[in-house]
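Next come two complexes built around chain A: one with chain B, the other with chain C.
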Partner chain A sequence: MPAVPLLVLVTLPSALAVPCLFILSGPSAIVEALTLPGITKSLAVTLISATLGTGLATALSLALLASITGRSSRWLRLTMPPLLATPHAAMAVGLAFLVAPSGWFLRLISPWATGLERPPLWSVAQDPWGLSLAIGLALKELPFIILLAISATQRGHLEPSFRAALSLGYGRYTAFIKVIAPQLAPAMVLPVAIAFIYGLSAVDMGRVLGPTTPPPFAVLALSKLSDPSAQGWRLGLALSLHLAVITLFTLLAFTGLALAVRPGLRAWASNGQRRSVVGWILGPLAVLGRFAVLTSALALAGLVLWAFAQRWRFPAALPERWTGLDWVWARGLWSVESLNTLWLAFASSVLGLALALSFVLAERQARPSARASIGWTGAAVLPLLIPQMTLIPALLLLDLTVLGLSPWALALWGHVMFTAAYAYLSLRGAVMSLDPRYGKAALALGRPPWQALMLVELPVLLRPLMASVAIALSVSVAAYLPTLTLGQGRLETFTVEAVAAATGGSRRTAAQFALSQAFWALLFFFAALAVPDLAHRNRRGLAAHVA
Partner chain B sequence: MSLELINLSAQAPSQALFSGINATIGPADVLAVMGPSGSGKTTLLNLIAGFADPPVRWGGEVWLAGERLCHQPPHKRRLGLVFQSPLLFPHLSVGQNLGFGVPGNVPAADRRARVDDALDQAGLGGVFDRDPQTLSGGQRARASLLRTLLSEPRALLLDEPFSALDEATKDDVRAFTAAQIERYGLPTLLVTHDPRDAESLGADVLHLCGGATAKTGSLPAPANWAKGSNV
Partner chain C sequence: MLHGISASISKSAFAALALTMGVSGAVFAQDWEETVAAAAGQTVFFNAWGGDERINAYIAWAGDRVREDFGVTVQHVKLADTAEAVNRVRLEQQANKTTGGSIDLIWINGENFATMKSEGLLFGPWAEHLPAFAGVDVEGKPTTVLDFQTPTEGFEAPWGMAQFNVIVDGALAPDFPTALSDLTDWAAQNPGRFTYPQPPNFLGTTFLKQATLALSDNPNALYAPVDVADFAAVTAPVWAFLDQLHPNLWQRGQNFPVSGPAAQQLLSDAETAATLSFFPLEGPALVAAETFVEATVVQGFDGGSIGNTHFVAIPFNSSAAAGAQVFANFLMTPEAQIRKQSLAAWGDATVLDESRLSAAEQSALLEATNGLSVSVGSVLPEPHPSWTSALEAAWLQRYGS
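Then we have the complex of A and B:
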């Protein structure tokens, strides 16, 4: 019974997305969409950026993890959470400012190293093959993948295996790739797939960093959906449908590839070679990973500069004149955008957490087998396994044809689908591995089940619960497509305005919105993470009892 | 007040755990359940406490003070359950842990007095506000037992309560437990591997032999108490 709300509000609409689009777009639009000018290039850009971005993020994550296994990883643990909380749009805007012809990278080395007194004419961002988009995706997905990998490493108690391999004479990176990576793989499949699917339909990053002629597939679909004519709209729906099919076939192809190479990898892992080419590659990749983290930090620092820059001529490394602080209040703290961002974030996080918690408690009570638990997880994270560009238009259609909700309610629903899915992902491990004797002890002391849950189990789980809230808040603050499409243009949030300003060429305005967005996301994130420290100071046992 | 076990049996999906358990445990009496690993000792205890896991099918009846317990939820049985490792709630202080055990209808001032009295009598005065993690193993064991006793149970179920303690502490906690059982006159069921536990509480012994009908009996001679041996 507690699983029903999530099944109805999250799983069911996700499951209906593809059939809904198939019926309402119509056969002629489905065929015509395939003949649109530039469709092949658009598809290629999307596949290249998503594959390269996710592949790079995964490789850098593994390399960084290999470089810190068995060592203190304090710097990584400190830098990853804020980068995870940074919204995609803010990161895209910051990165675009960093690598633009007049961007910070070039300013820092000009004119003394380049001789440039004026910005060059070439462009790095919005390159025709989506490489800068791939880098943006890689930078943004890196913290997501690496934090989940660290969590899986800790849960699996893999360090003894690593030390055993080192003692057998294997080099650090070869030991990692031959011993730890195969054990990590099952836990990493889902996050990597989610990152890849996100990359296929990333509209906010695609608009800022992707090419414009033709744009990435999801951006093309969105532009058609904005077409006032019925046929244009149907074409947008058809493109969204095609994106789902492309996603499915790409995932099947990758799965087939993984299955095909697995026997070879296993044979290679046990061939006794203490050093390997992969091991040699991981070392430089770990250095590149550190550079990627530095680039992300510079992108955020660049946002601050651009937001406050009144006058900043090339090639000066710092602005010559600064804006006042007026915009901080008027735009960042007390504006329509901030109020909309805040209420959406709070409401969707609370609802999403409630749905995810009741679902995972139901799952724990049902004690599913290993195979059945895949079904439970699949149901909860289904919105993340379908491209947003497929799911969101379908939800809009469902509303227009059947439900008739207001844009506010519909946008909130769209946010809840994603906050619930991410809250489930971050909460499941902790709830399932909570010592069942806590609940039993409370019951045996005469407390009814609801008190055992509310007075014992949830307080013990406060840290993972607040981590879920932190992630849910960040997800909502960052949500671009649900806000833009389901809000039907009536919901102005930081994300929507930052992307609009960035694509409109207003650098300072884009930076101010993106900085405001990042500020709130980071504030929420760290405030939520600070709650358990305040509530449970002087309670050393809590960390040991919750996995 | 007596705890009665009538023809209890349990069947795991792949094997019969035990059958034909009949026993009556009188006030302040202790029945020690012993047997090899996997013989169903903890299952028996969980079954009595109301925590029978779904894959295990069970039969028979449990009565306490003339009341049939089988279909009552765990929180209404009023059976004090003490786990293998002293399970104090990590988000509460030691005193709050003990307060958690006091029945809800006791006024706040009285709750605090009961907790303070219990801590003083157990030689734990001054630890009310301490983090449970800062207590020694023996102190935690005593606090855990006190919390159970403050919940006013009608019987005690002890699941290897001394096994996590070092040898030096075990004797202290065994003596403390025996004194509390005597003081409150509680029928007690003790699951243990160690004959010394049973001996220190003056227990009768129920042997579970892995699928066979359980047999009551006496402890083996001390010369046969090899450390960690199964009886």
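Then we have the complex of A and C:
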């Protein structure tokens, strides 16, 4: 019974999205969409950038994790939250500014080293096959994968087995890939899949870093959706539908591939060889991973400078004139955007957490088999498994034709779908692996079940609960399509403004909104993580037990 | 109020006006009072392209003014593309939402207006009943009632005048040509230093129209629906021109900036040496804002530059039609129009007849623009709206894939 709210509010509308789009676009548009000029190349760009981007992010994450296992990783823990909190669009603008012909890298060494008084003619961003988009996606997904993997490493007993492997003569990287990675894999499959699906439907990053002739598939779909003619609009719906089908097939293909190579990988992992080619590759990759983190940090630093730059022309290394500080209040912390961002984030996080918690408690109660638990997880994260370009227009159509909710309620609902899914994702492991004897002890002492839950189990779970609140808050703060489309343009939040400015081409405005947005997201992040430390300051055992 | 302008308007326009006036001139004044009364307390959701900070700031100012004077609250819904609003109104029509629509006023012209008008998505006629419409220069600026060859018939109120032009960094490109036929030679000598926003962005599409009008053997075909023309023959010289031009554009013509501001950023970064604009005062205004260098010049095209008018229209199911009319009326007043034309605000030319402004208003207008001209030579009327999507589709087919 406690599973019902999430099933109704999150799973059901997601499941309705595809048939809903099928009916509204109609067979003729579905066929015609496949004959649009450049459609094949557009699809290729999307598949290349999403596959390469996710692959690169996963490889770099593994290499970085391998290089820090058993060592202090303070720098990684400190740099990941700001990078995760930075919206995709802002990161794209920052990266494009780094590598553009008139970008920061060249400005720093021009004209004294390069002799360039004007930007050169070559360009690396917006290449025709989406490689720069792939790198952008990889840099942005890296902190997401690493943070979820770190929370997995702390739970298990990974470090002793790593030390055992080292003492048995395995090299660091080979030990990691043969001993630790197989144990991490179950916890990493879902985040990697979600990152991949995100890459397939990335609109904000695709518009800044992707090529334009033709653009990536999701960008093409969005541009058709904003065609004034009715037929053009149906083509956009049809393209969204195709994107969902493509996503399903690529996921099936990758699952098949993974199942096919698994026996080989197992045999390889247990072949007893202490050194391996993979180990040789991971070392340099870890260096590359550090370079990637540094690049993201530089992109952020460039954004900060642009937020305060009035005039900054090539080849000046720093802005020539600065803006005042007035925007910090006017379009920053004391603005309509700020208010909307905050109430949406708080309301959707609380609701999302409540839905996810009651769902995961119901799942624990049901004690599903391994196969059935795939169904439970699938139901909870369904909104993340469908491209946003498919899900969001469908939800709006559903509302306009049947429900008739106000834009505010609809946008909140859209946010809750995503916060609930992410909260479930970050909460499930901790709840399922909680020692059942806490609850049993409380029951044995005569407490009713609800008191056993509220007074004993949830306080023990405070740290993972607050971590999922932090993630839910930052998900809501960054949500672009749900806010724009479901809010029907009436909800101005930092993300909406930042993406509008980024795609409108104004670096300064985009930077200002992105910084304001990152400010709240970061504040939530650190505040949520500080709560358990304060609450548990006299209970050292809790700090060590679940995190 | 209407009598004062009768002398200066053409006979046919006068006949049309006299007809409406004669029937119910007195009723309108009373209607207007009722409209103003009904508007108080309403919130107007104004859906307007939001990609330009300076325009956004102007809209915010105008919203503050009507809240002070009429108690009307204006909320600017910042669109990435006006067609988003067209689609939402259509969706609401399909869902039978005939009242309480989510949009009250749209910044619109051209193809979007033609689409909405023909599909019955607009409220009206209303625009020519507004008191401030009397000041509009319908004779001297005929596009204020003829939007891309579609008669407005009171379904949209004129807001500003635009004329296509080029903003050139005079230091980097002192010899940027004014004849489009010379552009290929210039680009060959200055590879990578020019580009245009990618169609269907309106600046890119207008570049295509300007090139077609300038280079085609049969430019008059553009003033009739595209169906009756031999599209391939009319546009052949344009594709030959672009085939020659593109290899020498920014990024060798393989990518294009997504919008006007994105193209302006390229000029500001000195990656390009010239960019396209629809407002002749935009260049000087951005010099004043220190975005562009002092040496910036604005130029038109030999043989005339496309000019048009942009409007505001009310959807059929607006929940605040009275408030929307009060706001649209304010946007046409001398106060709002003078500020809009000023370099410090937006630099968008007025739709009013300047000769009928008061002496004080005329000097304020001159001062606002620093004495600079709002025109870059003769005005070419916009082609028939059906050419817009035909040219865009042909461009995408050739260069977009």
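The definition used in the following text is that the second predicted complex is superposed on the first by the 533 of 547 C-alpha atoms of A that agree within 3 Å, B and C clash if a C-alpha of one lies under 4 Å from a C-alpha of the other, contacts with A are read in each partner's own complex, and residues count from 1 in each chain.
One rule holds in what follows: contacts are C-beta pairs under 8 Å (C-beta built on N, C-alpha and C of every residue); 3 or more make two chains touch, one makes a residue touch a chain.
From a predicted model like this one, the values you see are computed outputs, not experimental measurements.
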| item | value |
| --- | --- |
| Which superposed partner A:Q183 touches (first chain B, second chain C, both, neither) | neither |
| Contacts of A:F314 with chain B and chain C, given as first, second, both or neither | second |
| Touching partner for A:T79 - first (chain B), second (chain C), both, neither | neither |
| Most chain A residues touched (candidates chain B, chain C) | C |
| First (chain B), second (chain C), both or neither touched by A:R490 | second |
| Touching partner for A:R437 - first (chain B), second (chain C), both, neither | first |
| Which of chain B and chain C A:R207 touches, first, second, both or neither | second |
| Partner chain in contact with A:S373 - chain B first, chain C second, else both or neither | neither |
| Chain B-touching residues of chain A, taken from the complex the two chains share | 367, 435, 437-438, 440-449, 452, 455-456, 459-460, 462, 535-536, 538-542, 544-545 |
| Touch list for chain B against partner chain A, complex | 49-51, 54, 73-81, 83, 87-91, 100-101, 103, 131-134, 147-148, 151, 157 |
| Interfacial residue positions of chain C with respect to chain A in the complex | 45, 47, 50-53, 75, 77-88, 90-92, 95, 97, 102, 111-112, 115, 119, 172, 191-192, 198, 200, 251, 254-266, 268-271, 290-291, 293, 389, 396-397, 399-401 |
| Residues on chain A engaged by chain C in the complex (per definition of touch) | 37-39, 41-42, 100-102, 118-119, 121, 123, 126, 128, 207, 211-214, 223, 225-230, 233, 310-311, 313-314, 321, 396-397, 400-401, 407, 488-490, 492, 496-497, 500-501, 503-507, 509 |
